[in-house]
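Next come two complexes, and both contain subunit A; in the first it sits with subunit B, in the second with subunit C.
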Partner chain A sequence: MKRLLSAEFLKLIKQSKTYYALGAILIIELLILMTAYFQGSTILDLLLDNLKQSFYFEGNLLNGNLIMYIVLNSLWFNVPLILMIVTSGIVTDEYRYGTMQTVMLQAVDKWKFMAAKYITAVLFTVVVIAFMMLTTFILAYSIFGRGDLVVYLNTLNFFEDADAFQRICYAFASGAVSMVFYCVVSLTLAIFIKEATKTWIAACLFLIITTMLLKVDFVLPVINNFFFPKLIDTWQQFFYNVPDWSAISINTIILILYTLVFAAAGTFIFHKKDIE
Partner chain B sequence: MIRTLLIFFLLTTPFVHSQKIDPDLLNIKKRMDSVKQFSASLILDLDVPFINMPTKTAKISYSVGQKMKFSSKDFVMLPKRGLDFSLTEIFKYPFITVERGIEKRNGRSIKVINVIPTGNESELALVTLYMDTKAVRIVQSEIITRKDGAYTLMMNYKLLKDILPGYVEATFAIEKLKIPLNFMGKGTSIDRKKMRSMETKTGKIKMQLNNYIIKY
Partner chain C sequence: MLIGTNLSKSYSSGKALNNVSIHISSGQICGLLGRNGAGKTTLFKILCGLVKPDEGKVVINSKRRKPIGGIIERPGLYDFLNAYDNIKIFAGIQGAPTDKTSIEQTLLKVGLPTDRKDPVKNFSLGMKQRLGIAVALINDPECLVLDEPFSGLDPIGVASLIGLIQTLAEKENIAILLSSHMMAEISKCCHFIYVIEKGEIVNSGITNVLINQHITTFSITASNIALSASLKNHAVEIGTNDAKIACTAKEIPALLSELLKEGIEVTACTPVLTLEQLIKKAI
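For the complex of A and B:
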């Protein structure tokens, strides 16, 4: 298993696609940071407009923490798109270059081979999110400074700098779980479809549908609470004045279970399929 | 008829302008004016139904002839009215006072007066002051402004001799937040019933003032 994992990592490190993806994420981050500054001042004007009548404000709310929150809102659609393209390539490239047959001719367990691919995809996703988190923190705090965070989620919630930093870190961790889910799905889709372009289209479609379903009211509380599109934005829960820790834990556990189900389904199908 | 009216106005107008300002208010103003400079630390608690804000701290400083200054490491929201202990705003433009009577509060006699600005320059429309005439200080004021709404200020003092309050509670009306949908978080739901009931709410800001350094 170790050898399989190191081989998968080597492939990922050696391929230029990985660095293109990291570069693309950095460009997206910079663009979002720039637009977030202007969006941030508009948001603050709107949020604080009717409070200006009664209050003087002392201190700066247009700071790195608000920028980070706006970035968090914008990242979770663009980043999975890039991640899904890269991670699905872990399987589709093997089919494309015919290396799948070569590997399968060796004494390699099919399920171990696929498990190594899933583990690689998960670790790659976590590393990318950590890289993204680190670069956004550095950029946002060095350009815009630190300060209190204001968020509107049914009520206007103010968080002190240290508290805001902690909540943003938790939000990134929760976002990472969602990203892992998307990547595992794209890998499973790659096992089914095999062809890179078709897998990208299917992965994009999955992302778009999931994002659309997030807002749909399914009437039944079970679906509204536990259907996977509803669990994708669990990170937002950290910005309620008092986070509902039990709901966050349940959502995260269920999303991890969905991820495991998709991974198990992919591995099972691959195991059952003949290599053409 | 016109001549009679003219005589009436000529006779009554000087009385209106020479209406006396309440002597107890003048006493309080005189006492307040003896404070040339002060600084204090401030602990702020905001109590507004749709705002969640942690307790904040700030420093305040005042010098005669200057506006009150605030400084804080955090973001703080301070009420526009309520910290004018020197009564500068009231005395800035001409006004008349009307006595409204005496009421008992915690065993103390409190004199109630209305302060009515006579010109249009003042930002204040009407002020009701509740004065502890024996302790020579204001315990409550209700301020109706021309542009910034109405405020009620309750002031508590630590000691009978204290000139500046140790606790101030400002109550004000605040309109509901008007947030366009595209700025709302993904997890934000709209409860129209709740939103309608929140059109105008009463907010409170509770301020504890400690560590006074007063220069007379």
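For the complex of A and C:
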């Protein structure tokens, strides 16, 4: 397994699209920073106009913590989309180059090979989110400085600087679990579909449907609580005044279970299927 | 030794293989001739274990870690990596040595340079075929299957690849099965030939015997062959520098001596045997 993993990492490191993905995430961050730099104060003034008539605001609300929260919101669509495209390529590229056949002609266990791919996708996702978090911290704090965080979730929630930083760190960690789920799904889709473009379309569709279902009321509490589209926004719960730690823990565990089920299903199907 | 017995495989589009049996001994080069879509690739995939047959079984008498290696349809390589890294990856995933000396030895075995650092996408098809064979040979398999290894190669590439295949069979004692729809290439290097048509083996035999049994035409190359009187006893099709003569293999020695007596300067005499003849005769 160790050898399979190192081969997967070598492939990932040597492929230009890995760096395109990191570049794309950096561009998203820079665009958010530029927009915030030039228009952030105006937008914030508009949002808080009513409140400013009743309350006195001390300090700068357009600060590094707010920028990081805005960057975190790219976990809704932009970042999972990029990650799903890159990670599905871990499988579709093997079919495209004909290397899937070559690998299966070697003394390699099918299930070990696919398990190594899933582990690589998970580690890559975690590294990308860590990269995103680190670059945002550096850029946002160095340009906008520190300060208290204001977030609108049903109502306006205010967090002091140190508390905000901690919540953002937790949110990035929780977001990483959601991103891992998406990546594992895209890899499973790639096993079924094999062809890159079709897999991208299926992955996009999955992402869109999941995001749409997030807001749908399924009436049954069990579905509303445990169906996977309802679990992908767990990272947002860190920005309520009092986070529901029990719900966060349960959601995270269930989402990890969903991830394992998708990975197991993909590995099983790959093991059963002929290599055409 | 590679043995496939009573192999059958059906797809939704129809029966791809029907009761096919095949046998290749160590050190033997076996050819599988067939038109496109005859079932060659399906048979190769079954022999390599990529596809499960509906019926029949494959037996490879081997205790090695990798009993069979091969290239099916095209050499599947990581185009963005160089040859060295390709070998490193394919060797690494199956626990074969990945040190510099071992990788360079693998490259040299198939006649590839060890100093090329550019990605495989820049390689010629012939070089990719060689690298594909190098990958197939990692972990010393006892059998090697090569699906259409000559397609897309120029004559020099074909000759060079035939030399490599013969060396591997003779020196490494590997059982080699290769497929093609090109009669000339197969007849040059194979000890035994199977002919496949519509998923069934319709003809088989030792290469020379099979050719002698089915040959009806010879091509004789000579600059002044059109002047020959002895050719008038045969059905002849005269070309610019050659003539295609309808006769049996037994008649050739006498015909050649007559031509020499006439002062015709014969430079080559080759049997003209097409795949269609092998299929038609058998059916």
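By definition in this document, the second predicted complex is superposed on the first by the 259 of 276 C-alpha atoms of A that agree within 3 Å, B and C clash if a C-alpha of one lies under 4 Å from a C-alpha of the other, contacts with A are read in each partner's own complex, and residues count from 1 in each chain.
The rule is simple: a contact is a pair of C-beta atoms (placed from the backbone, for glycine too) under 8 Å apart; a residue touches a chain by one contact, two chains touch by 3 or more.
If you're wondering where the values come from, they're calculated on a predicted model, not measured in any experiment.
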| item | value |
| --- | --- |
| Subunit B versus subunit C as contact partner of A:D233, first or second or both or neither | first |
| Which superposed partner A:D148 touches (first subunit B, second subunit C, both, neither) | first |
| Which of subunit B and subunit C A:L61 touches, first, second, both or neither | first |
| First, second, both or neither for A:N241, with subunit B first and subunit C second | first |
| Partner, of subunit C and subunit B, that touches more residues belonging to subunit A | B |
| Touching partner for A:F172 - first (subunit B), second (subunit C), both, neither | neither |
| Which superposed partner A:A107 touches (first subunit B, second subunit C, both, neither) | second |
| Touching residues (chain side subunit C, partner subunit A) in the complex | 45, 48-52, 65-66, 68-81, 85, 88-90, 92-95, 132, 135-136, 138-139 |
| Touching residues on subunit A, where the partner in the complex is subunit B | 43, 46-47, 49-51, 53-61, 73, 147-148, 150-161, 163, 214-215, 233, 236-237, 239, 241 |
| Residue numbers on subunit A that touch subunit C, as the complex places them | 3-4, 6-7, 10-11, 14-16, 97-108, 113, 274-276 |
| Subunit A partner contacts - residues on subunit B that touch it in the complex | 50-54, 58, 70-80, 148-149, 172, 174-180, 183-189, 191, 203 |
